[in-house]
């Protein structure tokens, strides 16, 4: 039995941190040895995440990059945007593998980052070496990377169904791509707010940041990289009264007429992917809860030159912690499915 | 004090029937005197709708058109599709005013009806005289009508925001109109099914009948009547895990560039409408629950020639029972707001 | 047409304030003329309560007792506990009728108040003249009162089913009364907290303040007044993942054997009550949502000397705003049902 | 590597079947080889349970006991009550280990079975050899058993917290034990009904079968076995608008005064149990979702001679499939935690 790889989770008490901790328990080659929280340091981890009681015996600590570097081999950064930027450099320079679940290393252009996050990027050279961690698309780069920028939940749900069509050259680059994406409320994090207060969000539904969500430049960046297109993407996100899941519908303009059969066979590119399931009819959030699956379907429409794509993911798993673990597996040269084999839960 | 107008509700025990009964209690000029149910005849109404206990003392009866015609002055038909067709004729011929909440008299073309509902329309001449009851658009026709085809819930939510832009001539008739509409589960009726079973529908979301929902021809018919356009409409409906409400997003192709200000002023056409509220930002289902309001907003986009429209309605009120009562008020020459002045409930 | 009675609502933007505003719109004799909010003064009311858009045109103001006294005839105080205490005196001394929805005037003993609310009661003499506003029980006192202490939501749900049995002398005063009460989350108010954060409260249920909830002394005070008993009451409240409603189960020790029939006839005391409905089987939260009804049932048990009582109320209506309006009607000598005739909503 | 033990699941498409399939995927020593469904035979398993897509490749078959006996080593029976009775005999006689998740072998008295299930028990001698599978209490008997009657969900949630107090002799056998138990809706099974229709059950809560639920004789039987008491138990179950979980509150009469500390130390009997967690304050359904944990707490009360016990379980895991797997592990002499180590999910 080899020594397990030592894992640290920086920012362990949020929903993403909790999900990493849940999933890593099922991973045969790693051991979480260090967990941090600024607000709850010196507190037992399971006081803040009681569902993990009986499974972890760790004490939350304040985050000190040097200490983390010393104690662990691979670090999941689960801080808020702008909070990871500096610390990541220390960890990478110490030779550690880092998977950053914040947005700090996702946008390749420091200017775009500054525009959307309101802060000058302090690590432009490190930014260049970061790998965007959409596993199915950038697997070989991830395998070589030291710093993985784990994708946002909305970009994951949107890009996975779009990718095969861009790759095949079917996109009509002159028209808008429309992305209408409905997200469960855990996507807004664990901090209480007026919008996420139970009695405001239950029996409710509302769009937000229409055309102005920070995941839009991330989506556009990747569409450009794959298809070389700089056209307009309309992105409408919603708060959906469920705990978990994103159901994404994409109205995709095509540059030619494609039959239902042809549309479906375009998804063959994913044939051997362990976490992509092609489904008939609409995907259902209920079928991916708790799992790393991305369920995808495609519909021909009454309009020859527009297809409808749909995907369902669990925003905390494939949209965050699960994909991060998938990326860890790729970085470490392990079977990509380790720690992620458990199916979701239903109902 | 005048005698109240006598009301019958045919098919009173479904959610639409219940909502009619709830709202009509607040109407000063009418009295519900007759309620029918095939499955529960001879049963007290409030055994089937206990929330109305203490407010109604009626016994459910089997539906006999002649009896209904004799006992009542105005009839709300709340049967399933295809079940109203024949009976409505008897009632109209007896000189009664009829508001049919089923789809049977909504589609002007018998051929289209047959195509979508799988049944030859047996009353084509009566169909010609039926008035489509989207109150804000066809008010003067409704005032003259004897038979009102009350609109479907999805068409109401979609057509009200689109209408001002069609009317103003801003539609680019060569491109697709995209309607992405999320509906609460009461829209599927009161009959238990696998899809509407709590544990299947809670913490879930799924699209259904993509491009093939029966409300599509109804929407297309009205777009053609208003804008003379026979182009493609893509319509994607979803089951949303809330009891009530439809949140509709329309991606509307424009034939010219319109500023945010101009887009908003296009909605001025609704300035004096008592049940249309123009809101800033996204409408929220939570703000229209229980009311007859349709909340509408419009967003300019990064694409000069596409606007995003959104609406929120309560599918059981503006999408069914409320609009039916609004239509009754118009038919009777009463203040359109009678019985509908109560705001919704929040939270 | 008489001039309407002028109403002020102090603390108008919480859920109770919103519910008062919703219901008062349906009251024929009053007009809300003044609304206050410390956090949102100078803001249009409907910015904070958009569901009321199109129904109110008021601007929120800071609370100044003298100003309120000048502008209004009757005042609903919907502030948090301890915040009403002083101001109420000013209003009462100005000859105004006051209905206080906080706990400040509910406990007759200043010592008990201090023990549970951590603050010396500054108005002990005014406290003596306050009337506990459980309408069905203290109607005649309310009719004479100037200051009504509107009951807490849990005490309303618990005391109404218990009262007839205490009144009839059936209580075994030597044993515990057990109250197990499940409340919707709006009962916790509009301020976001960790416990009421959607993703924490959805698909969850938890008891809280077991045996230590501030509504316990209120319940015990009333049991003592009615039955002269100082025995133990066990009170277990829960957060239930619904917006509205309290379902209360009482395990009531009896001093004699009572048949199911006799138990039911004990409820005959409520025969003419407009807002109490006796139901067979369990009450259901879904049947009282939005209404001022209290649905009550009683069950004989396998134990001769214990009965099970159940009640369902809407915590925001009969548990707060609705009962406050009912009390206003009694104070003013009006029909008790005014403003409260609308049934609830279902589903 | 040893050959895996071959598992059959009879009645695989319900929620319990689905949960068995989910959990068994994580078990290192078994392989599900045979799944049956009468309604969906010849259908791929994952058509009926799409959340398992990509994880199972089985075809549903009709149930034939001989075939099952031939194909598998251990059988989970997940049929409805009365459907297992006969078939179980065939399987046991064929030398197979059987874990029956129905009620058919839970009640030791054929007369009690007949009274509550309306059917004469056809296998009284087999009934005698069946072991009641409440693992923590009957572990050694389970280890020797061939036929395990897996406990009902409510009895599991009620008996686990009560047991230590009965065992210690603290029960006042002259007074009622009161059990107030709130269950998620998956407990009602997968068959759509009026009560479990989304729009009826959401924003609702209702008790049902008050004092008359079939799990009552099961609870009473075990209390008698442990404490020799034939007194009255009051059992009130509720439908709670969540998918999963039972929160049980027990009002337990004590025969002596016990301090909070003493009450807590009584739970020490569970110190080494892998699936029982003692928690401070109320257990929370949200912390056991998806896991085999039973979270327990105890509260001293204002009444010296009554304690409040609370437990939270996931009705589909510890209340059904999880405990069944725990029992399998005990029967097979394996580590009891196999297949059940994954923590639950949160949120």
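To keep things simple, chains are lettered A, B, C and D as they appear, and every chain counts its residues starting from 1.
Just so we're on the same page, a residue touches a chain if its C-beta (ideal position, glycine included) is under 8 Å from a C-beta of that chain, and two chains touch if they have at least 3 such contacts.
Given the structure is predicted, the values throughout are model-derived calculations rather than measurements.
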{"item": "Interface with more contacting C-beta pairs, comparing A-B to B-C", "value": "A-B"}
{"item": "Taking each chain's C-alpha mean as its centre, the one farthest from chain C", "value": "A"}
{"item": "Euclidean distance of C-alpha centroids - chain B vs chain D, Å", "value": "46"}
{"item": "Gap in Å, rounded to a whole number, between the CA centres of chain B and chain A", "value": "39"}
{"item": "Euclidean distance of C-alpha centroids - chain B vs chain C, Å", "value": "36"}
{"item": "Residue numbers of chain C (touch at least two other chains)", "value": "15, 186, 199-200, 202-203, 241-244, 284, 286, 289, 347"}
{"item": "Chain C partner contacts - residues on chain D that touch it in the complex", "value": "176, 178, 180, 182, 199-200, 202-208, 210-211, 232-234, 236, 238, 240-245, 247, 249, 251, 281-286, 289, 299, 301-303, 306, 308, 310, 347"}
{"item": "Residues of chain A defined as touching chain C within the complex", "value": "15, 184-186, 190, 192-194, 196-203, 241-243"}
{"item": "Chain D - residues contacting chain A, complex", "value": "15, 18, 22, 25-26, 49-55, 186, 203, 243-244, 274, 277, 279, 284, 286-291, 293, 295, 341-347"}
